[in-house]
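Pasting a structure below so you can have a look.
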Amino acid sequence: MPTVAMVEYDQATPEVRAVYDDIMAVKSIDFVPNFWKTLASHPPLLARVWRGLDEAMRPGALDALTKEMVALAVSATNGCTYCIRSHTAAARKLGMNDTMLGELMAVVGTFNQTNRLADGYQVEVDVQLIRATEGGPPPQAGKTKAKAKAPKGKAKRAGKAARA
Amino acid sequence: MPTVAMVEYDQATPEVRAVYDDIMAVKSIDFVPNFWKTLASHPPLLARVWRGLDEAMRPGALDALTKEMVALAVSATNGCTYCIRSHTAAARKLGMNDTMLGELMAVVGTFNQTNRLADGYQVEVDVQLIRATEGGPPPQAGKTKAKAKAPKGKAKRAGKAARA
Amino acid sequence: MPTVAMVEYDQATPEVRAVYDDIMAVKSIDFVPNFWKTLASHPPLLARVWRGLDEAMRPGALDALTKEMVALAVSATNGCTYCIRSHTAAARKLGMNDTMLGELMAVVGTFNQTNRLADGYQVEVDVQLIRATEGGPPPQAGKTKAKAKAPKGKAKRAGKAARA
Amino acid sequence: MPTVAMVEYDQATPEVRAVYDDIMAVKSIDFVPNFWKTLASHPPLLARVWRGLDEAMRPGALDALTKEMVALAVSATNGCTYCIRSHTAAARKLGMNDTMLGELMAVVGTFNQTNRLADGYQVEVDVQLIRATEGGPPPQAGKTKAKAKAPKGKAKRAGKAARA
Amino acid sequence: MPTVAMVEYDQATPEVRAVYDDIMAVKSIDFVPNFWKTLASHPPLLARVWRGLDEAMRPGALDALTKEMVALAVSATNGCTYCIRSHTAAARKLGMNDTMLGELMAVVGTFNQTNRLADGYQVEVDVQLIRATEGGPPPQAGKTKAKAKAPKGKAKRAGKAARA
Amino acid sequence: MPTVAMVEYDQATPEVRAVYDDIMAVKSIDFVPNFWKTLASHPPLLARVWRGLDEAMRPGALDALTKEMVALAVSATNGCTYCIRSHTAAARKLGMNDTMLGELMAVVGTFNQTNRLADGYQVEVDVQLIRATEGGPPPQAGKTKAKAKAPKGKAKRAGKAARA
């Protein structure tokens, strides 16, 4: 049980009910999730959070599935049980299979590891990384890429495209 | 300066140098980032972390750009400066523009907010979410989707495809 | 430098400028903070985050200073440099002195400690705490308080009012 | 069950029992919470943590309710179930109603969002914020406030007092 | 139930079974923990994470018990229930008693407190600490130690060896 | 610069000076670190945090170096720059070399990874782990260990002692 009384659909004010209807329509679900029934204990919070989430999750430059997987990555990093269940369900509905989830978790795990190593050793940001990320994309991104070569070694891994 | 002496390319053992060459080749960069020169202070750590990261980041069911953006989302959630710079640079090289970054950050911000609300109110996971996420995809995912309808309301937002 | 180009007031679109004006008016400041000039790289993010923050920070059942101190407590717990500076400045302007800051930090420090002890030992929630926090305030809060007495001991600390 | 055997009141040494009595008296409760019975598995930890918490929570420049709400904000940010239940119960007893909790959660949610945006975009601290927060309150806090005006715009939101 | 179907020993492919056998042999346990049966839903993740963990946990300059206690400290700091149970069990098997656990938790609690105080007040790193941690151990560590004396005070706590 | 005025040794009250003297004596250093000069802006906080830290760090069942390495592991997991520098310096003085630091970081990195995988997949705690960690050490720890054998496989890694 949450720490406030949840507001059920039947007991909701018209304003809260309108938000509930919108949530179910946008998410194509036939129930109001506990999360929203809980936020409804403070109606302005319900309205504001739903409005913000709804806008942020609309497909745009990133598609809906990518956004759900990012939401799952954030929730796994924060260890939020409710959110992990919720975004796993949503991503599943949008087509995420076990392999995609496995690759997603692999990325989440890997960078939670390297984040703490970078901090733990107090690694300084390379000047190249600062230049490449200051105020937007580097002006000659293509050029930089073109001249990329190992300073001494000549390593070339056959059959593997260069990655960033 | 990190808390250990970084191992420069010229001073590196052949084993460390081989890792450095692989890093530069895979990432198409012409310098060894400080992160790796720092891990080289303990060669087994360098080898192991690079091998794990390299495998996790290879394009598979998820493409390279999606993986870099997930890595950036994790790093932003953890507040790791080095990692944020590094993955922003990598995602930029793979094509992430300001709009994509903006949408990514919107998702990161939104779910860091909702994660804490779900925890802060101690919201219980809905039985529907448990069923939908137990041991993989729900057997009748399609059916569930088909019968989705609002219990009371009839909300239908025109011009907007259903999202998970 | 942030990882996108900040949008200066003079270069901003009328929509972005309207948000900037609102920020400066509400916060009684004569400059646009970097945070907002950065979010303006993705205008819908600027508008949405500002609107949400503005609504959440309006004095209501909690006054403005309390809200700023809570914001500082959250930012300290997350280790966000920008946010710590920003909310310290705002709380100072609203009257927070060194003693208030000291007491606030004492609470932040104390509960970051106990949070990890409760998790680290896997302490189970007491049935009394579950009952007291299920679905809102306990029906007989007053009564519970009235009959509160130590089961065996008779400890009574003179000159110190009972605290929750 | 926690990962150590809890020390029940009847089995406790006189020293541990004295701490238990103090806890119940200070908190006006008639049971020893599991948290403290768990720490008693290592008596110096029990004594030290209780003493520190007791001192930090005494009403001073900040009142008891404000301190409990800050404790709840920290616990929600860390996702500590035990602590969230405990501080919600304590704040309820001190008078926190659903609206106050809703406003508190709104602030917690909002700044968990902005914290990650500030970090995620690597926003630099404004010189104004550094000056305003260096070594305590700005010498001419009043003066700074007096001359505050928008550089170009003339936005003035009627009926709304300036906030920090 | 996890969000994927766990792979039981009998249903596992020979490759997965080989990892399972290795896990049980290395850990001297007669069951495959749920964690590994879950990762097996994406076999490359199982293989990679186990290999990395196995290498990192082998006794070296640090013994097995110290490593398990560090793993427990990390898991308590992150609030990961599964991991706290797992590393507590492992450390118990290696000899950790209640006093050792109590001292470990005391350190975990203490530094989760001071971490947030250092960040919350934005304390700057002392030049002495930077010098002492730049690129490895200070060249004249011994010398520095030798001349250590209080600038004004003459405090000498009898019966207590100097600590770092 | 921190967000309060630091209290220098010469300006300190006798009470604060006594704490400073104790810090320098216990830590065998000839300067007062910024952290403590900052906490002195609120003298009760200085006294309380120092007293707690001093007690927690005294060698007991765990030695001083192990405690400093755990403190470093916590600080790396939290990404606290000041604390990472401080505990790296302290551990160095007590004998931590690059290999020990490398192994420590390997453990920190590994379990930050697995923590998020366990949460991200919502892995349930094994009944064996619950039994092994309920209320202290398992009654027949030795017996359990004795009968440990792989259920089907016969994996035996030569030249490698069993680990927990």
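The first chain written gets the first letter, and so on, giving A, B, C, D, E and F; residue counts start at 1 in each chain.
FYI, a residue touches a chain if its C-beta (ideal position, glycine included) is under 8 Å from a C-beta of that chain, and two chains touch if they have at least 3 such contacts.
Predicted model, so just to flag it, every value in this text is computed and none were measured.
Engineer: Which chains contact both subunit D and subunit F?
Structural biologist: A, B, C, E
Engineer: State the chain with the largest centre-to-centre distance from subunit C, centres being mean CA positions.
Structural biologist: E
Engineer: Taking contacts as defined above, which has more of them, C-D or C-F?
Structural biologist: If we tally the contacting C-beta pairs, C-D comes out ahead.
Engineer: Which chain has its C-alpha centre farthest away from the C-alpha centre of subunit B?
Structural biologist: D
Engineer: Among A-C, A-D or B-C, whose interface repeats D-F's (more than half the contact pairs identical)?
Structural biologist: A-C
Engineer: So the centre of each chain is just the mean of its C-alpha atoms; given that, what is the distance between subunit E and subunit F in Å?
Structural biologist: That gives a centre separation of 8 Å.
Engineer: Would you mind pulling out the distance in Å between where the CA atoms of subunit C average out and where those of subunit E do?
Structural biologist: From the centre of subunit C to the centre of subunit E is 31 Å.
Engineer: Round to the nearest whole Å and give the separation of the Cα centres of subunit B and subunit E.
Structural biologist: From the centre of subunit B to the centre of subunit E is 23 Å.
Engineer: Multi-chain contacts only, two chains or more: what residues does subunit F have there?
Structural biologist: 1-5, 41, 44-45, 48-49, 52, 55-56, 73, 75, 77-81, 84-85, 88, 98-99, 103, 105-106, 108-110, 112-117, 119, 121-122, 130, 133, 136
Engineer: Treating touching as the only link between chains, describe the layout with one word: line, ring, star, complete or other.
Structural biologist: Shape of the chain contacts: complete, all pairs touching.
Engineer: Going by the contact rule set out above, which residues of subunit B touch subunit C in the complex?
Structural biologist: Going by the criterion above, the answer is residues 79, 84-85, 88, 98-99, 101-103, 105-106, 109, 122.
Engineer: Which part of subunit A faces subunit F closely enough to touch in the complex?
Structural biologist: 72, 75-77, 79, 81, 84-85, 88, 105, 108-110, 112-117, 119-122
Engineer: Quick one: which bits of subunit B touch subunit A in the complex? Just the residue numbers, please.
Structural biologist: Residues in contact with subunit A: 1-4, 9-10, 17-18, 20-22, 24-31, 33-35, 38-39, 45, 49, 52-53, 55-62, 64, 66-71, 73-75, 77-78, 80-83, 85-94, 97-100, 103-104, 106-119, 121-126, 128-130, 132-133, 136-138, 141, 145, 147-157, 160-164.
Engineer: Within the complex, which stretch of subunit D touches subunit F?
Structural biologist: 1-6, 41, 44, 48, 52, 55-56, 130, 133-136
Engineer: Quick check on the complex: what are the subunit F residues that touch subunit C?
Structural biologist: Against subunit C, subunit F makes touches at 3-5, 41-42, 44-45, 48-49, 78-80, 133.
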